[in-house]
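Both of the next two complexes hold chain A, though its partner changes from chain B to chain C.
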Partner chain A sequence: MRITKLIVKNFMAYKGVHEIDFTVPKHSPLILFLGENGHGKTTVQHACKWCLYEETKEKNERIPAVSLVNRKALAESDGNQNLEMSVEMEWEESGDTYNLKRTFEPLSQGLPVPRARLRINGDNPVPVSAIPAYVQRFLAKEISHFFFFDGETQDEFDKMTSNHNSAAFIRSEIEKSLSIPVISDGINWLEQKQSEESAALIKANLHNDKMRKAGIALENARKELNTIQQEGLLQVARLQEANTRIEILEGQVSNIEEAQQLNEEISELKGRVAILRDKRNEKLSLIKDHLGDFFWVPLAPRLHDIYQSLSQDILKAEKIVQANQSIHARISLLEQLRKQDKCPLCDSVYEITISTILDEISKLKSDLESNEIVDVAKLRAKLRDFESFGFKYEAYVTVRDLQKDFDADGADLAIATQNLDDRQSQLSLYGNTDIQNVVISMKALVAEAEVANKNIEQYKSDEVEVRKRITKLESDIGKGISPQKRISHNAFAYLVNLFVEAKEDYVTLVRKQVETYASETFLKIISDKKYSGLQINENFGVELLLPDGSVDPLRSTGQGKVSTIALVSGLIRTAMDEGFILMDTPFVSLDLGHRQAVCKWAVESGFKVSLFMHSGEFIWERDHSFFGDSVGKVYRIRKIDNDESTIELETA
Partner chain B sequence: MESSSPKNIMVSDRANEVCDVLRKLGYFSDALEAYRTALCLAISLNLEVDTTLKMPNNKWDTAAVFRSEGKNIESLMLLLGYKPEEIVPQGKLLAEAGLKYLDEKRLANVDILSIIAGAK
Partner chain C sequence: MSEKNIAYRHLLDSVLSLHAAHRKSDDPTNENDFFEFSDDELRRIVDALWDDRYSAERRNFKNVVGSIISEKVSDE
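For the complex of A and B:
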């Protein structure tokens, strides 16, 4: 399936007619739609979905047709009954061109309902009742999410592909798009024919006692098979019911995991707040104890400066005292010299004259006079005064550090309290839903779904057993008839077995094929090289595979997104000759490395990929090199006002 | 050290009340501690004093406030350059100013511990 054209008229943000041409050269298959949030990117996807399925949803709520009509067009129509909203989509498949147009006239008389028209190769329209089957054949509604890929609803995909029970309901639709039901139809037809043939043979040979007994046993076995199949269907219904109720519960709490996470965070924050309060109280108590003893704390820095200054003055004064003492000693020596003519120590005769000695004494006395006379004792007494009011600078440092810690704890406490308030406010947004009860109900439903799954498996196994018995009985009946008729009769049994086995093989083969393709894509995109690929389970759930064959239980949002893209890629490559994918905000929750890897994948995948991006994730002027020359077209989506947007081809 | 100050320390109604509140809040084990700390805070923050303040409460003995052993404010003020004769009269006004300041901050929900310990 290859979309070639989309024409929207008065649809949501698009007033009047807007045409998007999806045809691009083969070597540049990418189409980019660039526009800010709220400008109309997602509207293009809404248009595709509404055209194909007559419904589109927002936040899991179906949007009524009347709400899809452009408000400006509606306001300006002045009640004109011919006002039309329409979406026309054209696609090609196996050489044929399909044109589907869905129209809605909101102001028409009576109850306005959408109308659809499908033309194949421009011929007369196909019957309206056949349109859903055609659409379903090309793109099953249940798996359309994969092709109209919305990065903003990644959580939904993540759940679908990681939860076996949730994924079960899409399995049958995936299988449909992979042609598996054709084989099931063949089996049913053959069984019906075989049953009719057996019934005819038994009726014709009622005189044969052995055959009559085998016939009764066969009839019982068929009844048993019928019962098993009915029970199996009941279990499938039970499973679907459980899954539906799980979805409803999920809707009630909108995101139960987030609420649980919030509860856990609140509990953790409460603990943190209590610890910080205790720590603060402890420090507060210590600070108060110190303050009681050290009333001088407010003046401590100034007092410390005075103390330091005094200590230095004392040192300086002591040095002066020492210097003066030394001068006095020299003067005393020189005075003695002046009285003698030779040295009192060595008896040698002085060569210096008396006048020189007197000069020296005079100079020393002058030095002595110039030295400031400081009362060291007074200074020391002042220093001792500090003791009179118990000054200890270290004590001040302790109080100051305690105060700093106290303030830091206070800041942490304020942040923790703010976070706690925020979380509690967020939790209150979940309304009156009792999360605990929802969790309990959810667990019960998951358990019920698991039981249903087990029962389905059991009924499948019982079905195989009964089928074997039927085959044996059919064979017994065959023994009682002529060789020619026996060949004809046994041929049905042979074909049924052949088809049943073929179906099992085919399903496994297809799943393996999807797994191979998905793994190739996954390994190309994922930056964490510890993985060896993906494992697709029988419900098409995705698990991350490690080299030793085990699966990685951890799965981040980014990994979930990458694995979903890989699954989609695997499905498209397996199911379609020419795949397409419309990805809305594809880079949400992906880092730069993964963004580039997704771009590379989009270029190399061979699909026609249309990406809808806002400036927060992609800026053409800055990031166009991500795609090389593979961009076929760039459309720019702009908002004119709240009720009108335009979509224009910017680069072709 | 002798001074010419009166024997009793008189305090204003507000200072009397603030000392009591701070004690009750657990910041100080007795009112005198609050008084001394407030005095130091006022010097530290260079608070303006109110010379017209009425101080009708005869609260403590001068020696107990200014010359208590190990908590001698007189020595402290002399070190800071106050003249002996102005220690008691000026000290009383400073303590009043400090208590008023603490009370205002407390009423404004400001953490007074950080004011005391963080004062420069």
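For the complex of A and C:
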């Protein structure tokens, strides 16, 4: 079964006629619908559902047909009674083409009601009363939500499967998709027929003492079977009740675990706060000691600067003194030169003029005058005074480091105190949950659940025994009667037994089958390699299996989403001839890696998959490579204004 | 019925294999402890049951079972 065409007219966001062709080449089975939120992606799913079932829902509320009519078309119709909203869907199944058109005229006279018309292979329309049966064969309403997959509400589904009460609902839905109710109904009918046959035989043979006794025994056995079944149901209810209460207590226990965790953190933080306080006090005491010994420490940076400056001044002054001494020596030499014509050192004849010597002397004197005259001795005396009161820069460095540590500890202390306050406020929110009471209640409930489970097993075994007895009695009743009556009677008896046993086998087999397929899909998509697969429990809840066979109790939203996609995939592969899935915003809460994996799965799944995505989850330029060459068509959905959108084929 | 449907195959296999096991353990001296259906008849019954999946009345199953048993009664 696969959808081939959808034509919408004045339906929700789509004013006028818009056609979507779902046919794609076999090697490119994917169709992408790209559009922003609120532009009309989900409308396509609404259109499919309304066309098939004459109803579609939003937030679990049925949308009235009149609210589905495009507002702009309605406003522009100017009261025209012929204004029409319609959805036409075409699908193929077992070589036949079905065309279903549902129409609604909101302004027609009287009470407007939707009309439907179904043609098979273009022939005359089938009777209107037969349409629901054909639609059910194509896609049963009860299981349609697996095919119209909504990523936005899928998280709710995941939560439902892990909750005992809602899991019963999910179980019922899944059992429908696996056709288990039809087998149960068949068995009920067979049992009813068998009972009628027996009653008729007994009635007709009341004169036969042996048969009369067998009849009474049979009647008693049936009553016993009925009691056992009723008791079994009570035990199932008791088990469910116990499980529900265990679940509530598990929530409380989890709170207690959190509270205990907080308590441990609080103790640790209290210890840390105490240690930090001690450390600070110790440092404070050391700082005080240093300050007692070296009163100048608070002024140390300034004193240090002065000391450094003084030392430098002395060095500088000494250099100037040396320079002046050198100038004086040179002037003295030049003065001697001025008085004789030979060099006083080497006796060589002096050839320069007297004026040159005078100029040089004048220049040197000028240099001498420009040099600052500093009293080095005074400076040295100052330095000695400075050193005499015991100034040591190292002492200052020690105090400075102590202060730094003291401040750092102060910051740590502030953080630890803040964390402590936070944890204490969090702890106060948990109130006074009494862990002992919870544990006692939990133990009692687990024991109760175990008893209920044992009883269920016992009743199942009793049921088998009583059924055997009934078979035997039925067989006894069948003896000695006409062959025709015996055939009819025994045939029903045999079919009842056969189908009761077959149903048990079948349920086990299909659950394992769904589990196998779902695990395959899950392992293909999931990036966390710590899992060995999925486990489908008795309620068809999905659990994540670890390699040691245990169930991982914690799972992220992304993992939950992937496991649900895997479950849907497993159900479709197990219970459907051919699959199509319309996935609306499938990538909500999935990271890029998982998106890529879902795309890969969609390509390889063998289903006709249509993905409705917005730019927040899929960017064509960035992500189209995930699909390889498997995209058969891309439709772009755009909003013109609040009341009108368009859907256009972008790539084929 | 499409053989591609695995769930259907599981149901049919369950019915036929149980039937085969019953036949094997049948006591030939007791003509009332086992009722003989052919595999083909059981396949027809399973097909009818499967066809009833999404119909409220489950008519196919009732009709086919009724018809097969009637045939057996009239053949006797």
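Keep in mind that, in the parts below, the second predicted complex is superposed on the first by the 360 of 652 C-alpha atoms of A that agree within 3 Å, B and C clash if a C-alpha of one lies under 4 Å from a C-alpha of the other, contacts with A are read in each partner's own complex, and residues count from 1 in each chain.
The criterion applied here is as follows: a contact is a pair of C-beta atoms (placed from the backbone, for glycine too) under 8 Å apart; a residue touches a chain by one contact, two chains touch by 3 or more.
Here the structure is a predicted model, which is why all the values come from computation and not from measurement.
Of the two partner chains placed by superposition, only chain C is touched by A:Ala493; chain B is not. Judged by the touch definition given at the top, the superposed model places A:Ser388 against chain B, while chain C stays out of reach. By the touch criterion defined above, A:Phe627 reaches neither chain B nor chain C.
Once the two complexes are laid over each other on the shared chain, residue contacts for A:Phe11 go to neither chain B nor chain C.
After overlaying the two complexes on the shared chain, residue contacts for A:Trp189 are found with chain C alone; chain B is out of touch. With both structures placed on the common chain, the touch criterion links A:Asp407 to chain B but leaves chain C unconnected. Between chain B and chain C, C touches the greater number of residues of chain A.
Counting contacts by the rule stated earlier, no residue of chain A appears in both its interface with chain B and its interface with chain C. By the touch criterion stated above, chain A contacts chain C in their complex at residues 94, 133, 136-137, 140, 142, 178-179, 182-183, 185-186, 189-190, 471, 475-476, 478-479, 483-484, 486-488, 490-495, 498-499, 501-503, 505-506, 509-510, 513, 573-578.
Of all the residues in chain C, the ones that touch chain A in their complex are 2, 4-8, 10-11, 13-15, 17-19, 22, 30, 32-35, 37, 42, 45, 49-50, 52-55, 58, 61-62, 65, 68-69, 72-73, 76.
Those residues of chain B lying in contact with chain A across their complex are 26-29, 33, 36-37, 39-41, 43-45, 69-73, 75-76, 78-80, 111, 113-114, 116-120. Residues of chain A that touch chain B in their complex: 284, 287-288, 291-292, 295-299, 301-303, 306, 382, 385-386, 388-391, 399-400, 402-403, 406-407, 410.
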